[in-house]
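To keep things simple, chains are lettered A, B, C and D as they appear, and every chain counts its residues starting from 1.
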Amino acid sequence: MVGNGFMGAAHSQGWRVAPRFFELAATPETTVLVGRDEHRVAAAADNWGWHETSTSWRDTIARDDIDVVDIVTPGDSHAEIAIAALEAGKHVLCEKPLANTVAEAEAMAAAAERATEQGIRAMVGFTYRRVPAVTFARDLVAAGRIGQVRQVRAVYLQDWLRDAESPMTWRLDKTRAGSGALGDIGAHAVDLAQFVTGRQLASVSGVLETLVAERPLLAEGRGLSGTAAAERGQVTVDDVALFTGRFDDGVLGSFEATRFSTGRKNALRLEVSGSDGAIAFNLEDLNSLQFYDATADPAVQGFTKVLVTEPEHPYVSAWWPAGHMLGYEHGFSHQARDFVDAIVRGEQPRPSFADGLQVQRVLDAVETSSGAGSAWTAV
Amino acid sequence: MVGNGFMGAAHSQGWRVAPRFFELAATPETTVLVGRDEHRVAAAADNWGWHETSTSWRDTIARDDIDVVDIVTPGDSHAEIAIAALEAGKHVLCEKPLANTVAEAEAMAAAAERATEQGIRAMVGFTYRRVPAVTFARDLVAAGRIGQVRQVRAVYLQDWLRDAESPMTWRLDKTRAGSGALGDIGAHAVDLAQFVTGRQLASVSGVLETLVAERPLLAEGRGLSGTAAAERGQVTVDDVALFTGRFDDGVLGSFEATRFSTGRKNALRLEVSGSDGAIAFNLEDLNSLQFYDATADPAVQGFTKVLVTEPEHPYVSAWWPAGHMLGYEHGFSHQARDFVDAIVRGEQPRPSFADGLQVQRVLDAVETSSGAGSAWTAV
Amino acid sequence: MVGNGFMGAAHSQGWRVAPRFFELAATPETTVLVGRDEHRVAAAADNWGWHETSTSWRDTIARDDIDVVDIVTPGDSHAEIAIAALEAGKHVLCEKPLANTVAEAEAMAAAAERATEQGIRAMVGFTYRRVPAVTFARDLVAAGRIGQVRQVRAVYLQDWLRDAESPMTWRLDKTRAGSGALGDIGAHAVDLAQFVTGRQLASVSGVLETLVAERPLLAEGRGLSGTAAAERGQVTVDDVALFTGRFDDGVLGSFEATRFSTGRKNALRLEVSGSDGAIAFNLEDLNSLQFYDATADPAVQGFTKVLVTEPEHPYVSAWWPAGHMLGYEHGFSHQARDFVDAIVRGEQPRPSFADGLQVQRVLDAVETSSGAGSAWTAV
Amino acid sequence: MVGNGFMGAAHSQGWRVAPRFFELAATPETTVLVGRDEHRVAAAADNWGWHETSTSWRDTIARDDIDVVDIVTPGDSHAEIAIAALEAGKHVLCEKPLANTVAEAEAMAAAAERATEQGIRAMVGFTYRRVPAVTFARDLVAAGRIGQVRQVRAVYLQDWLRDAESPMTWRLDKTRAGSGALGDIGAHAVDLAQFVTGRQLASVSGVLETLVAERPLLAEGRGLSGTAAAERGQVTVDDVALFTGRFDDGVLGSFEATRFSTGRKNALRLEVSGSDGAIAFNLEDLNSLQFYDATADPAVQGFTKVLVTEPEHPYVSAWWPAGHMLGYEHGFSHQARDFVDAIVRGEQPRPSFADGLQVQRVLDAVETSSGAGSAWTAV
């Protein structure tokens, strides 16, 4: 695995825990953890249970005893590592977003396609697809339980940038982060909406906005000199992204991504309205799915709060008895399971790099539309 | 109508509004308002739309042009007025509790039975039965939609006595109020549970408790003299009533009534669990009913939040379109409608005085049980 | 009052009930009900408690004993009646939308402005402002309790057009209804957002969409002849309106109005995020307001569900004790109270016709934007 | 670890995961898994990551390289194993209930007390104490944030026995299970209430009830012969336990445990009302705590839904960013952490065996009371 930030902890937990609960087609070994800083990567490997460490991803992907490369670095390094790993014949799991630009994402998707011919698999890590309630929502929609899909609402609301005096970070720097709320969390909203409805966005009209233009710099030496405290950095990414999208079959959806929605900590919400029903999901209530069945006895229609913790629900039977809650990191075990199984069965794991590229194109179209007065822009 | 307190406002609203929305079998006239204080009753009559006033309920019930007597005085005067009115050949609607003692309630029920032979009707005012969601819950249970009833939970939680320094009132004086939380709000919980399940409590085991034994007296002159502020009155009623009841068919239920449940303003809640489903209601969310259907597709089972505002729901078609909320006082219009219609059709309106007596017996049995170390006591 | 449809019942209830609960500066009389059909207006007057009826609004507004004209007809007749009434020196309450076109609304606002000089008042009926939780939300925002307003989300979701086979009605005919979801319910979302934030929308970018293009005609004789059943009418209004708006101070808001949101019966929802807090409201839970205080102890921050039924909340002290729910029609009593009081005090009641015109301009700008590929359009 | 049932999986996950997220004072090794069936224990050890297996707990506790014994067998074997382990100088973690009888629990508590003198620690596994929202509730109560505790409501509602045709199991056999809902889940409700309030129950009045007296036997050969299907076993434990308890300081609480509450999957709920506030928790919403602050500005009082996922909340900073949900098994990591840390620091881990004994006494008193017509029974 390449990368030792927060996502590294989540992925490590996925790799370690999946074989404890699922019957995997093959048992993953957590062999080498790669990071730039020798000491930090050693500490992380110790914490997370990796056998060896390295400061060179190139050396690591050259090793014969490595079959899978899991990339959890920031987005600007994804393309180089992933393409090299695929060309070295390694299966690749790459954290979202696939890349910071469409061009990089295209190169990655092309590399993945070439690799596929050699039986090498690539997957991008939109793990929220693998929350049981989300997978189950997809199943209900696919089975026609809400009839014809008519409307989609998808938002991802957080509030950790609410305080205008919270400091500047690399996530607010367009060069390194690619975009702001749009790519960081809007990408999840787009993937979720597309996954659950089984449709792809074809065009968008939107607007990006920066609410706090400057933030205090956490400069080295800050606090030591009188002047440093006053230094401010320029926020070069969007704080809020609002857009309307039209899916390939004409259905309209509304989208919002923001890290300024006071009081909303992790509210990735999706509502899909159909001719015969509706589903609604909220990541802040991740074990539940709201389901409305418009074909039921009218007198008792209403949104049913389904606790998605029953053995018949996706992934659940591997875990605990009914009514026992799952948490955030369970999705990473599900991801590890699905990825390993797809590799062994010789199938294409989803979301593929092509799926990741498509999301990237949606984000790119939103930026273009925003720059063009919200003109409708094809994906 | 006899009485000009808070319930008088609610009953007046019921009488005035019912004929505006329902096709009544006869149109009620709000003729005479009776109260002890000439000036206050005049003001109330003016506010509430009564044509005349009187300070003598005896004179009023003697009038030939009066067909219906509505009693909204405190409980200690119910028996005398109701029995006299029934004997005078007037139909009587009496606010709950039917009386402060079982003996009075028995006399009233006997009077009502005698009156029935003359075609004179008597009803007691447990209006929460007529919240559409409650009536609908009863309908679902009666129709077998939750299967065999197995468990009942009923609580009525308020918090207006939370502050130990809030003053002494007549409601905390056993002589005048009869009991505390038990009769004031516990009576509603009992009636609701019996109404929705179609069963009657046969025996109880319970405990009554006074949490704040003394409260400041709102003496006249208080604040004028230094000593008055220190005077305190003795609370002689229960602040909390906790009891378990066994219904006539053996089903167990748990009950609680308290005016000390911090943060709960008007939480009359009922949950009935059956072999094939369950219903749950909360008066703080009075337009909704939670319904669980254990016979549905297991993968989508859950509590369904039914907005009880559809035309097919009880009473609703007379009001507004679907999704438009009803409030507290709508129950009084429903009560007025049902009472008038029963009178004209020559049917017994429910809850009858016999029903009110039965509730009184339950409350009495709880007091007895509490005094006997929670020994099971027959109703 | 001119008009005897559904809104007539609600307004009548407002006029009748307001003086029973509030101390009005003057007591309104429900004198004449005007309608086109003699028999239907007579029946409505009887139901709703109007003393006389008329089939001529012109005759009625000419009467000396009429001080106030309340217009609850469809939008295409508002301008003519309101302007005539104002010119006849009558105070006018006009149901929303103010008019079907901006031109008509402008004429009405101009007439209202001229009338003001004579002490004649005009108000438009956006009653949802007067739901206590909404007024209270406005108060919290105005008092700075959520800090600087940053983001607004407003939707009005219903589902009564979900069934593609539900019949054609005049509300789906652009000539008569002006627009579809946009004007019918989107207007409420716009007014609510502007009222609570104290801001006005300055420009919009949006899209209107018709989801079901043809519906069965409820032709006379339908069902009698074999051919009639197959006849279908063209839906000429929007079924869904999605738009982004920029307020006069630059704040962005997202808006949606639809009558196809399966399972949502009357979900007028507003969320306002500020630098120090947030408020969220849903008309399906009309006695509650969600409030987030970002200045509180961080460990216990969260959305607080405030039951807006306490005496200190707007309008509430006139009604019932804490925890007793209000319903849909209470807003009409509040409206009657506020209108009468403003007239007597010689103040401008709000929302004024100018406010109504401004909403109309927003709706018009959305239509223009939708026709121009969602280009940003000034209001 | 002794035992390879469902709780074994949860404990194993706790031991494995705790050192990955917490800085433990010592690092636990998952050395030997002990079970009766050689093959099953081998399979479990493989799944759960134990290095060795054994079929003799006596041999295992005799080993010098074993410091800690974790007992996850059914309750009837706890006493023997735990006492032997403590006498062998091993620290013991024993799954709840401590034992099936008070006598056994007393022997265990005595053994633990003797062991303490040697620096050997014993703890019982009421893991729900270590759900962050529960620990935080305890902290709020202890800090006086709800004022003086006045009322407690604790229920544990499940529905997995709802179907009268679901088969007989050992959990319904008093000889093996000790009791039914009372000990299985009621014990959790008792521990939770005592833990959060910092009080102990001193006396109880209650009733136990069996709702379905006979259930089909899952006999071997069932389905093969025509007669087997008709064989039924006798349910000898309670299906529902309802009781009222009085805490040592006089506070009253109501308790219910049932596995027949249709639609409730894992609803361990606690509400504590105090003079200045209240807290409410539901295990079906395990990342939230409802908090009511009666000392706040009255106009914005209400239950605040606190997402207990912030770094300042107990245990949370070790896991994920704010708003990322934890699940059922996280409590087992917290338990492993706290147990190891207490051992290394030489402190008594809680809940101690004495705490477990006290819960056992409460359960015993409920049984006694139920057998004595709900007479109040001292714990």
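Criterion: a residue touches a chain if its C-beta (ideal position, glycine included) is under 8 Å from a C-beta of that chain, and two chains touch if they have at least 3 such contacts.
For each chain, UniProt lists the protein as follows: A, B, C, D = Gfo/Idh/MocA family oxidoreductase.
These numbers were taken from a predicted model, which means no experiment stands behind them.
Asker: Please indicate which chain is farthest from chain B, where distance is taken between mean Cα coordinates of the chains.
Answerer: A
Asker: Given the two chain pairs A-B and A-C, which is bridged by the higher number of C-beta pairs in contact?
Answerer: Higher contact count goes to A-C.
Asker: At what distance in angstrom does the C-alpha mean of chain D lie from that of chain A?
Answerer: Chain centres of chain A and chain D, defined by C-alpha means, are spaced 36 Å apart.
Asker: Go ahead and note the Å separation of the Cα centroids belonging to chain A and chain B.
Answerer: 54
Asker: So the centre of each chain is just the mean of its C-alpha atoms; given that, what is the distance between chain A and chain C in Å?
Answerer: 41
Asker: Going through chain B residue by residue, note those that touch at least 2 other chains and give them in order.
Answerer: Expected reply: 301-303, 307.
Asker: Please classify the inter-chain touch graph. Allowed labels: line, ring, star, complete, other.
Answerer: complete
Asker: Using the touch definition from the top, list the residues of chain A that touch chain B in their complex.
Answerer: Its residues touching chain B are 136, 140, 145, 288, 291, 293, 298-307, 310, 312-313.
Asker: Considering only the defined contacts, which chain A positions touch chain D in the complex?
Answerer: That would be residues 6, 9-10, 12-13, 16-17, 20-21, 47-49, 158, 160, 264-267, 283-287, 307, 309, 320-330 of chain A.
Asker: Report the residues of chain A in contact with chain C in the complex, numbered from low to high.
Answerer: Against chain C, the touching part of chain A is residues 146, 150-151, 153, 159, 162-164, 205-207, 209, 211, 240, 242, 244, 252, 254, 256, 258, 260-264, 271, 273-278, 292, 294, 301-303, 373-376.
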